[in-house]
Every structure is written in C-alpha cells, then in structure tokens.
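Have a look at the structure that comes next, please.
Per-chain numbering from 1; labels A, B and C assigned in written order.
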Amino acid sequence: MRLYAICVYLFLYIPIGVIALFSFNAGRHASQLQGFSTKWYGKALSNPFVMDALETSLVVAFCSALFASVFGTMAAVALQGIRGPVRATFDLLIYVAVMIPGIVIGIATLIGLVTVFDQLNPLIAAIWPDGFKPPKLRMGIGSLIAAHTMFLMALVVIIVRARLAGMDRALTEASSDLYATPMGTFRQVTLPMIFPAILAGFLLSFTFSFDDFIIAFFVAGSETTLPIYVFSSIRRGVTPEINAIGTMVMGVSLLLLITAQLLLQRGGKKSR
Amino acid sequence: MTKRTRNWLLLAPAGTWFLVMLIIPLTVVFIFSFGERASSGGVELALTLEQYTNLPARWAAFKNTMTLAPLGTMAALLIAYPLAYFLAVKTTPRWKTILLVLVIVPFWTSILIRSYAWIFLLGGRGIPALFEWVGIEGLRLINTPFAVLVGIIYGYLPLMVFPIYVSLDKLDKRLLEASSDLGAKPWKTFLQITLPLSVPGIATGCMLVFILLMGEYLIPALLGGGKVFFVGNALVDLFLQSRNWAYGSAVAVTLVVVMLITVTIYMRLISRLGASREDVSIM
Amino acid sequence: MTKTIDHISKKEFMEKLESYRKGSITRRHFLNVTGLGAAAAVMGASVPGLRPQPAYAGDIGDRVVLATWPNYHDLANFDAFTEATGAHVQVNVFGSNEEMLAKLQAGATGWDVYVPTNYTFEDYVKEDLIEPLDTSMLPNYDASAFDARYAEAGSVNGKLYGVPKNWGSTGMAVNTKHNGGNAISSWREFFDITMGKFSGRTIVHDYQLTTIGSALNAFGYSFNSVDEKELADAEKLLIDVKPHLFAITSDYQPGMRNGDAWLTICWSGDGKQLNTDIPEIAYVLGKEGGEIWSDYWAIPKSSERKAAAYALINFMLDPNVNVKEVLAHGYPTADSRTYDQLPEELKNDPIIFPAQELLSPLEFGAAVTLTDPNRAELMARFKSA
C-alpha cells in the first residue's frame, strides 16, 4: 500500500521535477541539458511580455474571484430563503454554468458578445453627444473577467450554499429573537460562519481564472494572459524560459496554498 | 425593506450576469447553429438543418472524445481510489495533512505547464530513450492516444483523489473494526462497508473529471500532435481556423446535448446506487 | 559594414546617373554604388537640420499592439522603439493567416499593426478590415527600394494597404542522417518516404495552404488549386499518409531538434535556424513547386492608435533596424537598402536566398484559398479523420 502511494507521488512529481530541472539549463533548447544557469529566470523576469501577461492574468484572476465571491455569496444567501420557480431557475442556471465545458463558454461568449456589440456600437455612437468620441464595446479584459465571473459565481454559490446548509438555523433564529436587525444578524452570525467557505470560493476562483486557457483563448480579444503566452511559446520554439516561468508560478502557487491552508485552519477553528 | 425586496436585490447581480453572459450567448449559439456559412466565414442567418446533417464529418472527434473521456475517467479512478483509501484510512494525522497538500499542489499549478512536461517525457529524449538504453528500440509514445491518456490521468488525478478522500474520511473507522471483529474477511469488509460508503465521493470525482474531459482541448493539442482529435479541438478549428461559425455552433450544441444526456443518465444511475443528488453536486 | 565601392570611373558614374534618372536603379543603389551615399550619410549626421524628421515627433500615446508570427522579431528593436517614442510594444503571436482573419472578423480589435501574407489582402480589403496606408506618415518607406515581386500584393485596386516585411519559401526540412546522408528533392518523394521508411517521422503543418498545397504539388497540380477533382486526390493522399505522420503541427522545430521527427514541411527561416544548429538537417525546395510568400506590415481598420501604428511601421522600415530583424529570424527582406547592409555570408546563403531557377516553379498563395470553403473543410476533415 505504502509502495503504491510512493509510486503515485513519483508519477505526480517527476514531471514537475523535470520542468524545474530544465529551467536551470544553460543551453537554449528545452530538451538538452547543457550546464547549470539561472539566466532564464532573469530573462523571464525582464521580458516585458511575460510581465504584461502576468499582470493581465493577476488582474483578471483577482477581479473575477472578487466579483464571483461577492455576487455568488449574495445569491447563495438569498436563495437560502427562496422556494418556487425563482429558486428552480437559479438552480438550473447554476447547474448549466458548472456543467458546460469551458470551450463552449468561450465560444458562446465570443460570438454572443460580438453579435451584441455589433448591434450596440452604432446605437451608442448615435446617441453620443457630438464632438466626443463614442466609447466602443469590444472584446478584451472586461469580457474575459465577465466570462470568468459567470461560471466562477456558480461555483461560489455551490460552495457557500453547502456551508449555509450545514449551519445551525437556531443561531440566526436566536439572533432575530433578540431583536437584531437582519443586517446585524448577517454581519454578526451568518458571515463569520460562512466566511471560510467564501474564502475557499475566492481562492478556488482565483486559481481557476489564473489557470484558464481555453476561455481566454476565445474572449481575451487583444489581451495576452500568462497561459496564452505560454501556449503560444510552446507552439513554436520553446526555450527554458517557459520552464522558468512554470517553476516560478508553481512556487508561488505552493506559497499561496500553504498560506490559504493556514488561514482556513484558523478560520475553521474560530467559527467552531 | 421587506425580505422579498432584499432577496431580489441580492439576486440581481447574479441574475443579470447569468442573463448577459450565459443565456444570451447560448441562445446566439443555438440560433447560429441553424444558419449558413457566410462566403468569407462568419455566419448568415437562415433556418436550415444542413449543419446538423453534416455532423457525421466530425464523427471521429466525437468517437475519440466519447472513448477517451470515459476511459480516462476510469483510469484516473482506478489509480486514485487506492491512494485516497491510503490517505484516509492508513495514515497518521500528521502525515495526512502533508500528503494531502502534496496531492493538491500539482492541481494548483497550470495544467498547461504540467502537460508540457509530458511533451518532453514522452518524446524521443525522454522515456523512449530509457527503453532504448535497456535494448527496446523504436518505441514511440508522444502523439499517440496513449500519450493523451497519460496526460489526462496526470492532469485530473488530484481532482479524483480529493472527493474520494473526503467521503472515505467521513467513514467511521469503528465500523471497519466492528466488521473485522465479527470475523469478516478484509475484502468483504471493503466490498460491503467501505466501497458503498465512498460512492458519493466516487460519483463526484468521476463527474468532475468527465465534465472537464468532454470539453478538453489542451491535452490532445499538446500530447496528441494534432492526430488525436477531441470535439474541443474540432471546435477550436472551426472557430479559429476555418471560420465556419454555423457548423461550429451546431457541433457545440451537439456536444452540450450529448453531455447533458450522459450526465443525467449517470446521475440517475448513481442515485439508484444510494447517493443523493446533493452529494453529487457538492464539490 | 562591407566595403563600399569608392573608386568608379567617370564613365561608370555617368552611366549610373543615367540609369537612376530613368528609374531603372533606385536612389539608394545609385548612392551606394557611386559612394555618394556614404558622403551624404556623414553630412547628414553632422548637420542636425539635415536629419530626416521622424513621423512620430508628435504624441503617439504610450502603447502599440502588434499581432505577428512567432520568432519573427529582434526583441531589442522594440526596446529601441520604446526608447525613441515612449510607446511600449505589446506583441501577440499567431499561428496562421486564417487564425488572424478569424480573430479580426470576430472583432478582436485592439491590434494596431499586423503582418498579413500576400494572398490575404484582397479579402481584408473586401471585408473592410484593413486601413489604406498614408505614405506621408512613413518617411522611411521608399517604394523604389523594394523588389516589386514581394511588394505588389500590398496594393489592391491601386491603393496601398501593406508595405513589405519579409519574404520566404515553404519547402521541406529533412534530417539527412536517416536517409543515408541524402536530402530529398520532390513532394512526391516527401509523401512516398513518409509512407515508407520515414513512417511515423514526418510532420505536416496545421495550415491548409501549405499542407494541402504540398499534397497538390505531389500530383503535379497547382499549389493553389481549388479544383474539386484535384482536391479529392489531395485529400485521398493526405488521409492515406495520416497514419504515418508524426504530427500535424506548425510547431515543428522541437520535434526536429530532439530527433523524434526526421522530415517536415518547413518555412525557410525555420529551415535556416535548424540548419545552423544541426547541420545534418537540410532545407530543400520541392522540384514540383511549393509556396513563395511575402509578409507585409499593415494596419487593421479597427486600430485606435493609428499614429503609433504608423510610427512603429516607419521605425521597422529603417534599414538599420530591419537588418537586425533579418539577422535575428533568418528571413530575407525585399528592401534593397537593408539587403545591402547584410553580411556577405548571409547574402550567399542558399537557404535564405535560393538560386533563381529553384524559386521559379514556386507559386504565391492565391486569395481564393483563404476563403475557399472546400479547402477549409478538407483540412478540418483530414485533421479529425
């Protein structure tokens, strides 16, 4: 049994080790080791396109995760007290949003938004006051954040709802019996209890958004995210620079994961 | 503010978001799927079933997806289950946390970069070179269905381990002890107690992996060398190369319908096996 | 710098001057041959007022977005541009003309400059996606410096839409080590050897123009054919050869480099890069024909930073900048001013500048292939077969 576990861990970590190993390759090509060097880290860090792509990815991941956790939590809290067709509709939408493959979300968002924008842009231009340049709706960082937020929001609703369902109803009832306002009850009782779930939702959303390639591939317009940059580099002429980027991203993820784990453990203890 | 107004306000952002980013786009795709390819690409609105009658031209892509997705899911399950069992039942609490984090870390790093590692490992300078060294020559792994399968298992293994671990961890260890005290053979205990109780975890893991695999594009693109083609690859081709939006929309609609049917049937089966729907949909 | 010709006879000088007047040689050529160029350059540098005023003297904003092909630039040139103008260059990399067109059609505005290939211009103009160029914004553009063969596709209906960037050929790269030291010489041989002793070792592009084109060439048909019967033959050949392929990808350098692949359809610049690093990989042109192509600098209509777009193109047209580009990517330029600055060994390189008789059977891609639904669908069927 233990031997089996060791084998699985080797399977999981050998490829990662290989990536890290080759990131220190002195040679230009990713498939032959030619001595040790950290120059690719410097190259990656000073490459403005890598930095631009990283920045775009971070902005998109942060905004999407933020919107998704705020709106998702709001919806989860509201849905808790609703039955009937509204509830059924939202359940269906959440189910569909989580179920539909990313590639279909990407395609649908692309052709849906392009079609809508084509209708709206002349309209905006027509009603815009003369002498000012009318704004033009188009694909870009906004559409990417919107698309990510959509399916991540569904994910957050599911996570927060699970936590709300496991919550002791007696507590909120006691709170309102003691004449606390609904807002007060929410702030004092509900929020602290569901906070670990919201935080988990935020972190999961951040990772999903940061890692997403396929949706961004379709809806990012002229923006380049880090996965898009890595993908187009892999498509032609790989250098150990990609390994260096990958190793750094993995290192940072590991740090974030440990931090999150610590935060969650503390949060979990508090709410108990 | 009444409770009703409050709920409406709370739901408004999510509702608007779903309307603009989910309902409208999906409707546009649905409408386009009955259209025709415009002369220079793009779409001309029409009411024709031509795109749907053309679907057999992508039969191979659907066939590849519908064989490799379930196969990949099964393989990931078979590899993940013993590990999850080991983590939940056979480890001390201190090791448990460390080992769990070690399972999650790969999942939290880009699947793109992880698949990229396999391009090298399965390529001529990787594992085949090792085989050559022990005398087996001419082994070719990269750009084969096998390579895609390895990539799939590697990419989604953590996603499978985790839910199974959670369901096994909930299992009361005293049940196992009681069973063995009553003289049950270990495999009988496993079949009669452990396995049924972990069905919800298996169901969740399989569904997560299966859903992601049905729309997979990256792994076949990177490890299949353009030769192992999934529906996802066919879609990217239709939208980003041959610019046939109408046909692409029809393929996308078909993919979603196939998925909805498969997953619904699957959920029915699972609920018959004793897991409630809630268990399945909670991640 | 190579040595300039500084001793020419009076008679020769007069002859050159006469040809310059008649327009059969370019001003730059005239100045170089007569040595006046060097003199003018020295004078120009020493008298500030004589320096050409850059078109980007005004405020062009802080960024410009370029959509281009991979491995196609010297990144240092972009830094120099940023230093000169304050505008940062964002580079987006694409894999094929079809992909670029698809993105533009889908409204991926935000690009300011892109680099379409010769055969796409008619459609970009028809679709109203491309901006006519105002040459007064491009002082470094000298139409007479460019070989017309690689410049003419940039004009449609008498209007200029693109100025030449680089040209090249599409041939094949073969690792001669696995073929007894011999290269191969025809597309027929390319497909035959793939179904024979190179089985599992050949790469074809994920690009309809070149992959279908080579299969058509193997039958002796035109690279650009849209004839149904000829396309059916090509499709049959491609489907037959598919099980013997190593990959269908335009990313063939890694496979060729690590020894998994022995043969690939190849662009001349990649061929040069491979041959430089691994000498046993030879770049050859198919004797039945193949593609000769020319890429252009162009501005999409949707660009909202046109001043910056013009400034970038103008900057890249500067022969001193352009020569660094050529040295970095190994694709020839149609600009005689840049050509003159290239080191001798590059001018004589058979991969970069193949002999004229090898180039003559090659065809430029035809506009019809870009939008022909049968070719697009054939390629998609081949890939998903």
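To be clear about the criterion, a contact is a pair of C-beta atoms (placed from the backbone, for glycine too) under 8 Å apart; a residue touches a chain by one contact, two chains touch by 3 or more.
By chain, UniProt protein names: A = Inner membrane ABC transporter permease protein YdcV; B = Spermidine/putrescine transport system permease protein PotB; C = Spermidine/putrescine-binding periplasmic protein.
Being a predicted model, the structure only gives us computed values, none of them experimental.
A.B. asks: If you tally the C-beta contacts for B-C and for A-B, which one comes out higher?
C.D. replies: Most contacts of the two pairs: A-B.
A.B. asks: Going by C-alpha centroids, which chain is farthest from chain B? Tell me that one.
C.D. replies: That would be chain C.
A.B. asks: How many angstrom between the C-alpha centroids of chain C and chain B?
C.D. replies: 41
A.B. asks: I'd like the Å distance between the centres of chain A and chain B, where a centre is the mean of that chain's Cα atoms.
C.D. replies: 18
A.B. asks: What are the residue numbers in chain C that touch two or more other chains?
C.D. replies: Chain C, residues with two or more chain partners: 106, 249, 254, 258.
A.B. asks: Any chance you could list the residues of chain A touching two or more other chains?
C.D. replies: Counting only residues that touch two or more other chains, chain A contributes 30-32, 110-111, 234, 238.
A.B. asks: Which residues belonging to chain B are in contact with no fewer than two other chains?
C.D. replies: In chain B, 119, 123, 125, 239-240 touch at least two other chains.
A.B. asks: For the complex, which residues does chain A have touching chain C?
C.D. replies: Going through chain A, the ones touching chain C are 29-32, 47-49, 52, 110-111, 114, 117-118, 136, 138-140, 221-224, 232-238.
A.B. asks: For chain A, which residues are in contact with chain B within the complex?
C.D. replies: 1-2, 4-5, 8-9, 11-16, 18-19, 22, 30-32, 70-72, 74-75, 77-79, 81-82, 86, 90, 93, 95-105, 107-113, 115-116, 146-147, 149-150, 153, 155, 157-159, 162, 182, 207, 211, 213-214, 217-218, 226-227, 230-231, 234, 238, 242, 245-246, 249-250, 253-254, 256-258, 261
A.B. asks: Along chain C, where are the residues that touch chain A in the complex?
C.D. replies: 65, 67, 70-71, 75, 88, 90-95, 106-111, 249-251, 253-254, 257-258, 304
A.B. asks: Quick check on the complex: what are the chain C residues that touch chain B?
C.D. replies: Going through chain C, the ones touching chain B are 96, 98-99, 101-103, 105-106, 123, 126-127, 200, 206, 208, 242, 245-249, 254-255, 258-260, 371, 373, 376-377, 379-381, 383-385.
A.B. asks: Over in the complex, which chain B residues touch chain A? Could you list them?
C.D. replies: Its residues touching chain A are 3, 6-8, 10-11, 13-15, 17-18, 20-29, 32, 43, 79, 82-83, 86-87, 90, 99, 101-106, 108-114, 116-121, 123, 125, 154, 157-158, 211-212, 214-218, 222, 232, 235-236, 239-240, 245, 248-249, 252, 255-256, 259-260, 263, 281-283.
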